[in-house]
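Next, two complexes with chain A in common: one pairs it with chain B, the other with chain C.
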Partner chain A sequence: MPCEIITLQLGQCGNQIGFEFWKKLCSEHGISPEGTLEDYATEGTDRKDVFFYQADDEHYIPRSVLLDLEPRVIHSIMNSPYAKLYNPENIYISKQGGGAGNNWAAGYSQGERIYDEVFDIIDREADGSDSLEGFVLCHSIAGGTGSGLGSYILERLNDRFPKKLVQTYSVFPNQDEISDVVVQPYNSLLTLRRLTQSADCVVVLDNTALNRIATDRLHLSNPSFSQINSLVSNIMSVSTATLRYPSYMNNDLIGLIAPLIPTPRLHFLMTGYTPLTTDQEVASVRKTTVLDVMRRLLQPKNMMVSTPLDRNTQHCYISILNIIQGEVDPTQVHKSLQRIRERKMAQFIPWGPASIQVALSKKSPYIQSAHRVSGLMLANHTNISALFERTLKQYDKLRKREAFLEQFRKENMFTENLDELDASREVVQQLVDEYVAATTPDYLSWGLTQASTES
Partner chain B sequence: MLHDLISAVKGIGGDMFVGKEDFRFEVSNDLGFLHPSEFAIIHKILSIGTHYKKITNFCNTYDIVRINTDKKYRCGLYLSSLASALHKTARSFHTTVVELEYRLLSDPHLPLSELLLTLQPTAPLLAALSSLVTQIEEKNVHGCMILEVLHKHTANSVAHVKQVLMWVEQEVHSVLFDQLTHWLLYGLLLDPHEELFIHITTDTDAPSEVQEMDALSLEGLECPKMNPECKLRLEMLPSHIPLAVAEKILFIGEAILVFEREARKENDVADTASVSSHSGQVLKSREEEFKGLIQALGQEPTFSILQFSQVIETVRHCVSEELWKIVMDAGLVTELGNLKAVFLLGRGELYQTLIPSITPFLRNSSPSANFDGLFQLAGRQVLLEEEMLEKFALSLKIVPTAQATPVRGQPDKSWRNLKLEYHSKWPLHKLFTPSVQDKYNSIFTFLLDVRRAQFRLQQLWITQMRTKFHRKSEADRLQWTLRHHMSLLIDNIQYYLQVDVLESQHWQLITEIGKTRDYQQLVRAHHNFLVSVSAQCFLNNTMVSNSLQQLLKLVHKFCSILESVFSNESKDRNAPLRSAIALNVQPVLSSAEQIKKLNEAFERAAAYLFFVLSNLRLHQGSQYTSQLIMRIDYNKYYSNNTTVRRFKSPLDAL
Partner chain C sequence: MSEFKIHHHVSELFSLLGIQSDAAEKYTETLSESVQRFISTQVSASSAVRILAENAPNPQAFLSKYDELKSRNVRDLDPLVVFLSGLVEDESVRKVVEGSSKLRLQEDGVTLANVPSIVSDIERAAETKLSRDQLNELRDRLLRESQVMHTPSEALQSVERGEKRPLCLGPPIPSWLKNRPYLSLDFVKLENRQEIGALGDVSSTSQEHQLIEDVLSVMMGIEGRYITVQLPTKHYDSPEFTVDPSVEPSLSTLVSRILPLCGYYSQLIRFVENKSCYHHGLVNQALSAAITNLIKDYMLLVTQLEEQHQHWALTLHKLYFYVEKTMAVMDMLACVTRVISKSEAHGGAVLSILHDRTVSLTGCGQLQDVMVFLTQSAAVPYMNILAKWLYRGIINDPYNEFMVVDRESGSEENEDEDLADDYWEKRYTIIPQNIPTFLQVHANVILRTGKYLNVIRQSDHSVVCPHQEELVYSVRDRSYAEVIERTYNFASKRLLELLMKEKDLMGRLRSVKHYFLLDQGDFVVQLMSLCEDELSKNIDDVVPTRLESLLELALRTSAANSDFYKDDIECDLQPITLMTQMLRILSIETEDEREYYPQEERLQLTGLQGFSLGYRVTWPVSLVLDRKTIACYQMIFRHLFYCKHVEKLLCRVWVSNKVAKSFPLSASRTYTAAFALRQRMLNFIQNIEYYMMFEVIERNWQNFINKMQKFKI
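Coming up: the complex of A and B.
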């Protein structure tokens, strides 16, 4: 079947958000934790086949590969009610079991060692699909496994499946609190290079913003992991809604992301979701119109990426896709677009055509929602460069002091020199520069002068 | 002599008053004992006799009792009922004459003037009737048109004559009411002499002459015998019955005919349950009521068109509402949804699968390919509901071309020949006639073209993404920019079509259908839906549609060039950028140059489209034009970068 997607969940964070994602998908498609169809799931118009395949015995099995270098999170998944959902052959825990020790280099080099075993699983899964469209990778860029092993797998996926799309959901570390991972800036930088070079589309999930939303908007004083992760899984499920519910457009991954990405490197997407509520709040039903939803999506406080206000550059949207779910009068879409345009609520790039694309999508019939209309925004905004700049700054601070580098030097890649770090910094710096250049009218020629000086 | 005169008045000529061929009498005054004054009186009396003779002659020819099998005489229910009515009217005259004869017997000295005096009052009536009869005879008036003649005569007459004529009219109208009762209540057309203004043709040779307003007509479905075609016969429609009323009458009967009686025939195997629950139901509960209404109409002394229309409207409303229920019960909304899903590309993933699978067949222009098979396969792949899928069939309409088709064919042209067919079951087949499906198909062709352009551009995106670190050159950058501009334009057109046009119109259609509770309104709503969709797809606007076609052509050209470049590259990575020789498009140019040219052409075409649309908005001010403009020019890139600036009025600078 067309547009099949294999999900790879890597490391602690990747497996946790992956777990929440599958929980969400199961409930939306009316699939029980054991993988069987619930009795009430009688509406056959959804496309379960994008993320699940049907085993012979009427069980729905996720096209999902679970990888980790330490057993803790995967074990907790295997002790949950959803243990029987996954194909046990698709679960891989490194035999060492020691993890990557929050070290990118350790994760990366372990990837080289377990390459055969991991790609046996991925190849088998790919062969099992009729027409695989691509991979979705869930990971965090700060730790060891998600970032290091993730980077390695990203590179290999490109070699092995050159015609398949690779989309990632990458969790960026929380900047507001002091991390227990001291080498976080190194990890982030090295992963960012791979995300820039080997991924087709990166959906940025900024833990800073997620925590802020949890405390400010959801009024949770101490947001738990699972509460944050359910936010993430919500975003993941809505952003794939047009794939899973038949509609007139955005029926495959490429149709979803290609219009958002006009030039190859600017493929980092922000997300926004509204209305944001917790389970306890569901009772208070707010009247929501398409315009309300679309306007709120443009407010920075609903964005899942926290970006500081940058007064030097006129940051702007490169592209926007809004996925609106629920009972929507389609004539309202035009009116809302018009209003947003008149009020200049969104600033667009000066160097080419751009617009807000609005996809109307169905909601799962099995989930009762208090909200008539809800919406997700996928946006390509130049301001995301601020996030990378922050990483660069933190990296520079550490690097100046040559701090914590001995852990890295233990691995082959870094024993002789630290060129890899320098090269990565160069790539990320270029990325930041390109995003900044995209705010100016002569962005198109910027790329060219850059290219000519390089060659 | 007076006896002779009286028998002449009764229409029997004698020696003295000789009856002539044309019913007139001639007085043979050979003996000359008639005084000139008597002569004048006799003439007056005789003219009455002439009228009477004419009338009786008419009555005798057409009276119901003596229906003539002879071909020389026309026959018909209206004629005979008129004849018998006239017969009854003439009887009063007859009794007057008989009374007169008695008086004459008892009083042989009755003066001639007394005769005139007695007969004179009947003269105007007889004159009127005889002129009526003459007109009908001479003009060969037939069937319902007798009503028209009669109605005109009634309207033009006064006093006693009017009353008598009204009675006659009522009598003859009763035939109409009788026929209408059968037609309106049971869908039976009892019209052996083709007198009614409605007729049923079972031949299918001339489906094209169906009138526009006759939205309900059945045309050329599979089995002609099963699908009689009901039409109005305008030449038989009396002018005092408005066309609108006649159409309503046609609709009611036809509806009953099709939805009740045919249901039994057509669906005798398939869902008999639903049919048996419906058949005969259209009017069952109110049949008696309507019968009474029509009978009451027949008893009215005057034919009032107002009352007539009201009764017809009552029946029509009831039928229409019943039909609405039947159609809604038959799942019209789902069915419309199906049509939207397939004809109007509502199920994007179906075409996402179909386009790549069908492309190689169209490229080699192999008409023998099983397009429907591919379509069904694609449908099954995306898990389309089986019962919905099997109602559709895809085929390649083969256009006979004079010259032998070139080896490479013209794939873009053959895409336009793809046709979808939809098989709908009773009772919805009346809504989705072939002509309606043609409209759907023309929209489908356009939408498919846009969709295919979008699909190809998206596929290029992956290939471009994969080469992103291999080259960094001006040509490469241009490829990206051009592809991006193209795909944004196409995407925005697509969003406009799907959201602003199709979703919105479909939404309106469904709401309207749900509200109306009237079948005819429903048909109209569906018709309006199709009209406005094709208008908003600019199918009828040559300027815009040409410019859209031009854009699509450029997009396809661009895709073909890049596709061949990439496929060459993947074969031989080290070779320099090869021109698309296989394409035979100016093989001298390298692909980079071609793309440069394409870029210029595309920017021009896009600017031209924008210009045409802006002009259209200025002149027409239609909402959908500005919707499309807003979609493609959301960040005002085009309005800032094209010559259109000059044409914009300051008011427009929103």
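Coming up: the complex of A and C.
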């Protein structure tokens, strides 16, 4: 059983999207909420063993670890029909039960405390798989547990499993509404540093964009968490579709990620999905073609990351991978790519070969979709730096006023000084600079000249 | 007809002709073009003959030769002529052939250098048409290639065998047939003829009476008193008659008008006698029997005439009037038999001649009826053989008359192995000269029908065509065509059912696609990571059994586990690289390719370079997935597999690079150029994989599936 992937769900947000993700996977593979195979799914040629393993009684158990510092969300999961799906040993709720109080530092330091117990679980899962390929981490970067504990676990994962891939699905906070978490900019900045240095691939899920899509595209006046989360789980399941439904190519995680990320630091990916539908909305079924899907994927309004248009820098795509599902004729793909190239719909980096890569994937046979073709775009775009710049700006605003730093000073890491914050800011600033540099043709020598001037 | 095959044959031909030329490419081109032309246009032979005649040093001789061959009904004469005229017109080819044939003539010590060699070659080829002359071989090769998919050497062998066999067929001919010449009335010479006086001395009435008596006896094959007979030198020619010169000229003219009839009779009798021998085959015997029937009627006529004569009611004029109609029929019969004897036709060829004649007589009422009767009777044994072949797939053909020949009877045990490879192409082949012309259009259908039935039978299924009808020859309503069509439909349907339903051919092909075309991606990933250590060794150090068990493991642990046919997959290590293998197949040896030949490659070959999968197929699926096909799949597999391997290596580099993101900025930036290079390589390999897999393989697979679905049972 090659290329297994272990999912770690952290904090309130992480557990919620994780829950939706497993729900989605179960329905795609024909697995009941109890983990048993549905009668119609016994003949399947899909690969369930990437994300599931089988217990002695043949029922499927997700390779999933649920972690939280407060019991609320996990309890609600345990009260859902899917309670029996998870391995109870893999659910860890901090005994203190107080949560991290939306404080990164609190989450991080609690991580140190519960390290042994958490890594017992992770090690057990890792040993249980034949050739583990990597980890997928679901969390948000704004709160306390997902960001703080998540940061800590990211660092430790990198130490313990240096050859394994670590992919995260990171939820970025909504910028349009005023957050009740006042220290959000601190939390985000500190987490961003870990995401830059310890994660191999970060799929950015921007709550701003997700809300916008829900209201504008899906016409939901007041989108609920679960509606947003089902958008996210959809992205997560499609982006792993080629692993679960093997075909000619992209049958391992590395084969998906490696072409998207040319240089190790620039590993923040945007996503886009089309056609978007909700359960309520059935009437608006339109004709989908490969060209139509690919064109829509290139439109900013379908992107799940909201980035302001920056006129000063020529932002461009570093790489694009389109995962197209459905009844697709390879010739159509070829023609669509040609059309997109002719119309110059996508701008690419000037310093290397880049094009839209396409992965054709099968669809789950058990889920009926009204649309013939659907597509997910995973894109590495330099424009994402705007998101980090925004975080930096907000951080600078708070930091100037030295606001809300008391709660941080309570924790060990910050008792003596606030160097950690400064160091994180530098790392994120460098990341932004590198993204901007990647838009220029001399990106390859950019590092060298700067390095030589420094020395 | 593949380009490579032509290429191969051209290079072989070149070496045969002893030409050291690098221009093989050019000739291949011209040839493949001309192959197209041969198929598309039925070039009229007459213009070709004219061209040849113009170029020949002795046009008259050439034309007469051509006519003679034509009269012998030689097959493929027209295509040959067209081909030769093409040769003559093509300067470059002519030069080469000229040069080489001169060389050859010198080598052979033949002093014919003054004869323009190309024409002499043509003449020689024409004269020795049925022998195995070297040019004939050339012609045979090229023409067969252009028409049927037989390999040329095979076609030649068939010609050889077809000629040699008849000599030793059937039971021996009893000696009394030769010892007793009186069994049929055909001018057996009386030893002692009485000397008689000249007939001219008596009155003209007596002369006429006597002549009528003589004519009547000559009509029955008995030499008359005043009409003498000289037997011909060749058995198929008519004897010559001499009338007593003293007879009145008016009578003698009348008699000489009737006399050809007697010649026809003699020819027919001799034909019947001759062809009744065993080795001439069933068709000839049936034809003889039919002619005997006709002769019986003829004899009846003679008897009736004689009766009238005895009542003194017959004059020569009357006699001529009575026999005139019969004469036309006999003339025609004699003519047909003559052609048959002359061309030594046999089996299907006889029927061809009969049929052609029948068709050419359309509108001639009675004459055609007679011909139809003859053809029908002669076709009975042939049609019986055909029916057996069509309904049961059995060839019962003791005299090699049938158009299909079984090359390999008796060794059915090893059909799973070597036989399957050649079975489809070589087991049953068509003998072109044995196809009756009226079955020409159905020839391939007939061949296939029986072939299908045989395949079904050899797969342990008894099969008999349900609606068996007797096959009868007819000119107009082509009832036999319908029957052939129906049985063909039945046989092909059964075979299709056998292959598709019972043997699940599509399932097999899908499984081949999973493994050889890497459709089952997770299996390949699994296999590659399992076998990596083993395959990175030198190919001589790889342990096949270990590889086999790793393959097994990969099959069981991937999604391939649900494939029903996964156990038929096996490992196959080949001691040459893919490049060398392909070069060997193409057998092109020009300067460009030569540099790709590695030196002593076996020493450096890793297991990975030689690794390939094998696939065990059983009869009758092995007909479709024969060794050649599997070899093609293997080549594709080796290429794709190696690409995958390279991709894997690049991905591994990526993983080892990821540590750089936690480096301080100044350190990590120095690597950027290297990362970009790696990315460029990865980009390339993934794009080429995508192209091969989705745009080439998957697209063609879809086409294939669509086509297969059209032919649903």
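Annotations
Everything that follows uses one rule, which is that the second predicted complex is superposed on the first by the 445 of 455 C-alpha atoms of A that agree within 3 Å, B and C clash if a C-alpha of one lies under 4 Å from a C-alpha of the other, contacts with A are read in each partner's own complex, and residues count from 1 in each chain.
In this text, contacts are C-beta pairs under 8 Å (C-beta built on N, C-alpha and C of every residue); 3 or more make two chains touch, one makes a residue touch a chain.
Treat the numbers as computed from the prediction; the structure is a model and nothing was measured.
The superposed arrangement places chain B and chain C in clashing positions on chain A.
In the overlay built on the shared chain, the residue A:N234 is in contact with neither chain B nor chain C.
In the superposition on chain A, contact of A:D329 is made with both chain B and chain C. In the superposed model, A:S109 lies in contact with neither chain B nor chain C.
In the overlay built on the shared chain, the residue A:T196 is in contact with chain C alone; chain B does not reach it.
Once chain A of one complex is fitted onto chain A of the other, the partner contacts of A:S361 are absent, as it touches neither chain B nor chain C.
Applying the stated contact rule after C-alpha superposition, one finds that A:T168 touches neither chain B nor chain C.
By the document's definition of touching, of the two partners only chain B reaches A:E342; chain C does not.
Judged by the touch definition given at the top, the superposed model places A:W446 against chain C, while chain B stays out of reach. Put simply, of the chain C stretches 22-30, 40-48 or 454-462, the part that bumps into chain B is 454-462.
With the contact threshold set out at the top, residues 1-3, 44-45, 47, 130, 158, 162-163, 165, 197, 200, 246-252, 254-255, 258-259, 261-265, 329-331, 333-334, 352-355, 357-358, 360, 444, 447-448, 450-451, 454-455 of chain A are in contact with chain B in one structure and with chain C in the other. Within the complex, the chain B residues that touch chain A are 341, 345-349, 352-353, 381-383, 385, 454, 457-459, 461-462, 464-466, 468-469, 472-474, 477, 480-481, 484-485, 487-489, 491-492, 494-495, 498-500, 502-504, 507-508, 627, 630-635, 637-638, 654.
Residue ranges on chain A touching chain C, taken from their complex, read 1-3, 43-47, 130-131, 158, 162-163, 165, 196-198, 200, 246-252, 254-255, 258-259, 261-265, 267, 329-331, 333-334, 351-355, 357-358, 360, 430, 443-448, 450-451, 454-455.
Every residue of chain A that touches chain B in the complex is listed here, in rising order: 1-3, 44-45, 47, 49, 130, 158, 162-163, 165, 197, 200, 246-252, 254-255, 258-259, 261-265, 329-331, 333-334, 337-338, 341-342, 348-349, 352-358, 360, 444, 447-448, 450-451, 454-455.
Those residues of chain C lying in contact with chain A across their complex are 517-526, 529, 557-559, 562, 647, 650-651, 654-655, 657-662, 665-666, 668-673, 675-676, 678-680, 682-684, 686-687, 689-690, 693-695, 697-699, 702.
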